[in-house]
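Look for subunit A in each of the two complexes below; its partner is subunit B in the first and subunit C in the second.
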Partner chain A sequence: MTAPLGRRLALTMTGFGVLAMAAVVTAPLVGSTSISLRRAFSTTVPFADNPDAQIFFIARLPRTLAGALVGSMLASSGVVFQGLLRNPLATPFTLGVSAGAALGAMLAITFGWTFAFAGIAAAPAPSFVGSLAAVAIVYALARARHRGLSTNVLLLAGVTMNAFFSALILFVQYFANFSETYRILHWLMGDLDISSYEPIVTALPLVALSLAVFAWLARPLNLLSLDTESAATRGLDVPRAQRAAFLSASLATGAAVSVGGPIGFIGIVVPHLVRLLVGPDHRLVLPASALFGAAFLIACDVVARTVMAPIELPVGVITALVGGPFFLWLLVRKR
Partner chain B sequence: MLRASDVVFAYRGRRPVLRGVSMEVPESGFVGILGPNGSGKTTLLRTLAGAVRPASGRVTLDEVDLGDISRQVIARRMAVVPQETHLAFDYSVIEVVLMGRYPHLSTFEIEGPEDLAIARSALAATGTLELEHRAFDTLSGGEKQRVIIASALAQINAVHLKVDARDASNDGILLLDEPTAALDLAYQLELAAVLRSLQERLQIAIAISTHDLNFAAGLCRTLVLLKDGEVLASGSTDDVLTPDRIRALYGVEADVMRHPSTGRLTIVPLRRTVETPA
Partner chain C sequence: MRIVAAVITILLSLSAHAGGTAPAGPVREQPRSWPPARSVVPQRIVSLIPAVTEMLFALGAGPQVVAVGSFDTYPPEVKKLPRVGALIDPDVERILSLHPDLVIVFATQTTLREQLGRAQIPIYVYNHAGLADVFTTIRDVGARVGREKAAADLTSRLEARIDAVRKRIAGRPRPRTLIVFDREKLALRGIYASGGIGFIHDMVDAAGGENVFADVKQQAVQATTELILARRPDVVLELRADPLDAATRAQEVAVWSALSSLPAVRTSRVYFLDEQKTVVPGPRVAEAVELIARTLHPTAFK
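Then we have the complex of A and B:
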C-alpha cells in the first residue's frame, strides 16, 4: 500500500529539500580557488580583508542562487506545461516559450528599454511578455484539439516556434554593437554568471506569484491528466485552470530566462526523473521538481565552471549535452 | 430527477445535433439512449452532464437549471463515464479512483482515510479491488472501464451510503457514454452484469447511450430512441422496442422476442430495409 499522501509529501519535501540545500551550500565552495566555509562566514575578519567571504558572497553565491531560481522555475513550469498539454515531452524549451522569452529580453537589452512596476524595477517584464506571446500560440493550438496535443504536433510546433523566434533574435542582434553582441551571445547559450543579486531580486515577485499559482494547480493538473471533459465533470473549472496554468508557467519561464537565458532541457530531465521516484501525482511532482530542478542546475553549473577551468562554459551547453540524448531516449521509448 | 426539456444544441457553425429533445432520468431509473451513429446520443449525454449548454431548452436537476448549480455540487450528484479513458501519466488504479473525490475536498485538502475507504469500496463494488495498486495503463479495456465506473461511484458518494443500510435510496446519477463501444463480447457481458448489480444494490440512477440494441434491451427499464436529433419514441423498454421502431431507427428489419432462457427482450436483426426508412 502506498503511504497516505500527507506522509509522502513530507518525505518528498524533506528529501529533495535537503538535496537542494546541500547543493546551495556546497556549490559556492567548489571552483578554481578553494575556499573554506568557516572562514567565509567568519565574523572576526572584516569583509574587505576576507577573500574567502568575497569569493563566496560576491562571485559564487549569486551564481548558485541564480541556478536555484532558474532550475526550479524551468523544472516546475515544465511540469505545468506537461500536465496542461497532457504530453510528457512538453517543456518551455521545446515549445519555443523560452525562445519567446529570450526574444523579449533581447529587445529590451538591445534597445535599452527599462521597466518598472509599482516602483520596483521589472527587468523580467519583457521576457514574461515574450513567453506569454509564445504561450498564446501554443494555447491556440491546444484549444483547437481538445484531447490534447499529439507528440507530433507538439514537436513540430515547437521546432517552428524556435526557428521563428531564433530568426527574430538574430535580426535584433544585428542592431546590437560588438560588446553587446558578445554579452548577448553568452546569455543566449544559457549562462548564470550574473555576479550580482539584482537580477535575482527583481525576478522574485514573479517567482513568488508563479509558485503560489503552482500550489493551487497541482490537483487540477491531476484531473487534467484524464481529459478536459472528465476533469470538468469531476467539478473542475477547466478554462480557469488552463488559463492559470498558461499564465503561471509563462511567468515562471519569463523569470527564469530573464536571469539565466534560455537554458534547455531542465524542464524535461528533472520532472521525468522526479516522476520515476515519486509517481505521477502533481502534488508531489511539482514541489519535488522545483527543488530537484534547483539542485540539478546548480550541479550542471558547477560542471560548467570547473570542467574546462579556468574557462567557464555557459551552463546551457552542459544541460544540452545531458538533456538532448535524454529527450531522444524518451521519444524513442514512448512508442 | 434529471430532466431535459426541448433541448436544442448545435456545435458552432453546424446544423443542430439536438432538435428539441425532452427526456428524463428518474431517481433510481435505468435509462438507455438508443440511436444510430450521428443521432445525437453522445451530445445528449454531454448536455445532461452539463458539459455543454443547450442553445435553447433546459436541463434541470431536481427542477433547478444546471446552469444555476455550481460545478462542484453537480459533480457530487452526477458522474460521467466516457467511452475510453487515456491518462497522460502513469497513475495507479487507486489514484484514478481518488480523483473522483475532487468535488468533496477543499482547495488544499488532501484525501483522508474516509476518502480512501470510499475509493476502496467503490473498487469492490465494481469487482476491481484486487487491481488497486496496478498501473491504470496496464489494465485491459474492460478493467479500465470498471475502474472509471468506480471513480464515478466514489465521486457521487454512491458506495458511501451503502454502508448505512437504512438509507435505502441514493440520489446519485451515473451517465455512461457508449460504454461497450471499445469492449469485446466477454467484457460487454461483464460490464452489463456490473451495471445491473450496481443499480439494484445502490439504487442509483443510470443513463447510458448506446447503439447496441441488445445491450440496452437487457439492461434498461426505459428507453429513449433518438434519430437525427429528435426523440422517435420513449417509454418502458418493452413498449418502445418494436420491429416498426427498429426499422424507423436503423433501417433494419428485426425480430423482437423474449429469449427463452434469460427472459429478456432480444432483438435479432434480419436484413436491411429495402425502401428508405420512414
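Then we have the complex of A and C:
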C-alpha cells in the first residue's frame, strides 16, 4: 500500500509542482507594459535607476507571489472544509468564513488599526479573528440540535453568516468617508496589487502553521470523510481532529484574505478539479490543491490585469466568472 | 407680469444648459429643474452638494440655505445648519419637514428626485464635470436664486484668476503629473488617480501640469503599481479633503520611496495638498489652481 502511494504522491507533486512553478515563472513576464528582461536583471544599472527592474520586482513579482499564497491557502482550506463536513459545497466562501475574515480586515483598514505580536507586525490578526468567529458560530449552530454535525444546518448557517457579515461590512462602510467607499468596494472584489513583500511576509507565520496542520490532517480527513463513528473506531480522536481542521482552515483563510481580500470560488473550483484528476485521497488532494490553487489564481490575475489594460479588472470578478457556473454545474451534477 | 416673464426666461436658459453638463444616459432626458415654473426666488434651499453650497454662500444666497449635506464644511456658517444626508443616504423625511422651495440634488439620486417630484418640490440637478462646467453651474445657480449679477461677477473674477495662472506658467515645461486622490493609509495600495476628464484633471492642466493618465477617458483610474512605474511621473500630487498632521504627511510621502525609479521620487517632488478646496468644484477652484500651480512651478511665483 505504501509504495504505490509514494509513487502516486511523487507523480502528483511533480505534475502540479511543475504547473505551479510555470505559473510563478511566466506571470511576472506578462503585464500591461512591455519591459526588457535583460535590463530588469542587469547588474550594472542600479535598482533605483532601473524602471524595468522595478516593474518586475515591485509591481509584478509580489503580486504573483501573493496570488500563489492566496490561491493555495483558499484552495487547501476548501479541501479541509469539504472533507471535514463531508459536503462538496463547503468552502471558505459558502461557510461565511471569507466574509468574517473580510469584516476583520475591513475594520482594521477603516480604523487604521495596527497589531504587533512580539515585535512583529501582525496584520492578518483581525482577519483571522473574523474568520475564526464565523467558523465558531457556524460550527456551534450546526452542533446545537444534533449529535455530531448537521451539514444542512451548517451550509444554511454559513450562507446566513455570509449575509450577516456582508451587512456588517456595509454598515462599517457607511461610516467611512465617501472616497473610501470605492476603495473598500474594490478591496472586497479582491486585489493582489500589493506593491511590496510586506503583506506576504507578515502572513507567512500563519501560512506555515496552517500548512503544518494540513500535513498532519491528510490522514484524519480520509477517516473523517467516511463517517465519524468508524473514524473513532480506527483510533482517531474525532473532536480533536475536527478542532484542528476548523482552526487551521480558518487560519489559512484569514491569512489569504488579509493579503488579497475575499476572493471567491477558488475553494470550490480547485479541489473538485483536483479530485477529478487524482481521486479522493486527501494525502494527494491536499498538496495538489494547494499547488493547483496557486497556479489557478496566478492565471486569473494575469487575465485580470491584461485583458482590458491599462484598466484592470478586480481578480475576484474573473474567479467568480469561472467559478459561478462551475458551482452550479456541480450542484446539478450531484442530483 | 414682468417678473413672470423674467422667471420664464431664466428657466429657459437653465434648461438650455441642461444638455451640456449632464452625462449620457437616462438622466439626460429629464429637465435640469423641476417643476418648470413655480416660485420666484427660493427662500428655503436645501443643498446636498458641498460645491453648490459654497456657490450659494459665495453668491450671497447663504441666508436662504436651511439645510446642507453631511459632508458640507465650508464656509464655516454651514456648521450650524441641520444635516440631511448626502449622495447615498439622503434623509427624505427631514428634507420634506423643512418645507424647502429648492433642493439641490445629484443627477444620480433618481429615487430622491422622484420623491421630491411627487411632493411638488422644485429641484436643481447637479453633476460633477469639468472646470468650465463649474462656471456654468455658478451662473445656473445664480439665475435660479435671483443672483445673476453676483454670479456673472464671480465667474469672471474666477476665470480672470485662472487665466492669470495660465499666462504665468505659459512656455514653461509641463511636468508629467500623477494626480492621486485616494489610496490606502501608509501603503501604495488601492490607488485612485485622476483620468483625463473631470475638474481635477482640468485644474492641473490649467496649473501647468501634464496628467500622466490624460489618455484614459475616465474621471478615476485604478492605478496599479505597474502602471505608475510605467508612466514615470515627474511629480506626484496627492489631493485630499482632510488635513493631515505634519508627521503623518511625512510618513505618507515616504511611502513613495519604494518606487525609487520614479522621477518624482528621485527629485523629491511628491506633494500632499491636503486642503479641501483642491477637491471641491466650487468657487474656490481659482485658489486651488493657484495652489497647484505654485506647487508645480515654484519658480514662476517668486
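The working rule: the second predicted complex is superposed on the first by the 313 of 335 C-alpha atoms of A that agree within 3 Å, B and C clash if a C-alpha of one lies under 4 Å from a C-alpha of the other, contacts with A are read in each partner's own complex, and residues count from 1 in each chain.
The rule is simple: a residue touches a chain if its C-beta (ideal position, glycine included) is under 8 Å from a C-beta of that chain, and two chains touch if they have at least 3 such contacts.
Fair warning: this is a prediction, and the values are worked out from it, not measured in the lab.
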| item | value |
| --- | --- |
| Superposed partners subunit B and subunit C on subunit A - clash or fit | fit |
| First, second, both or neither for A:230, with subunit B first and subunit C second | first |
| Which of subunit B and subunit C A:67 touches, first, second, both or neither | neither |
| Touched partner set for A:305, first subunit B, second subunit C, both or neither | second |
| Vertex subunit A angle, Cα centres of subunit C and subunit B, expressed to the nearest 10 degrees | 150 |
| First (subunit B), second (subunit C), both or neither touched by A:275 | first |
| Subunit B versus subunit C as contact partner of A:195, first or second or both or neither | second |
| Contacts of A:51 with subunit B and subunit C, given as first, second, both or neither | second |
| Which superposed partner A:126 touches (first subunit B, second subunit C, both, neither) | neither |
| Contacts of A:264 with subunit B and subunit C, given as first, second, both or neither | neither |
| Lowest C-alpha to C-alpha distance for subunit C against subunit B (Å) | 41 |
| Interfacial residue positions of subunit B with respect to subunit A in the complex | 46, 49-51, 71-72, 74-76, 78-80, 82, 85-92, 94-96, 99-100, 102-103, 105, 107-108, 110-111, 113, 116, 133, 155 |
| Parts of subunit C lying in touch with subunit A, wherever the complex brings them together | 71, 86-89, 181-185, 187-190, 192, 216, 218, 220-222, 224-227, 229-230, 232, 241-242, 258-261, 266 |
| Contacting residues of subunit A [partner subunit C, same complex] | 31-33, 47-51, 53-55, 58-60, 109, 112, 174, 177-183, 186-187, 191, 193-196, 305, 310-312 |
| Touch list for subunit A against partner subunit B, complex | 1-2, 4-6, 9, 82-83, 86-88, 148, 215-216, 219, 222-227, 229-230, 232-237, 275, 279-281, 283 |
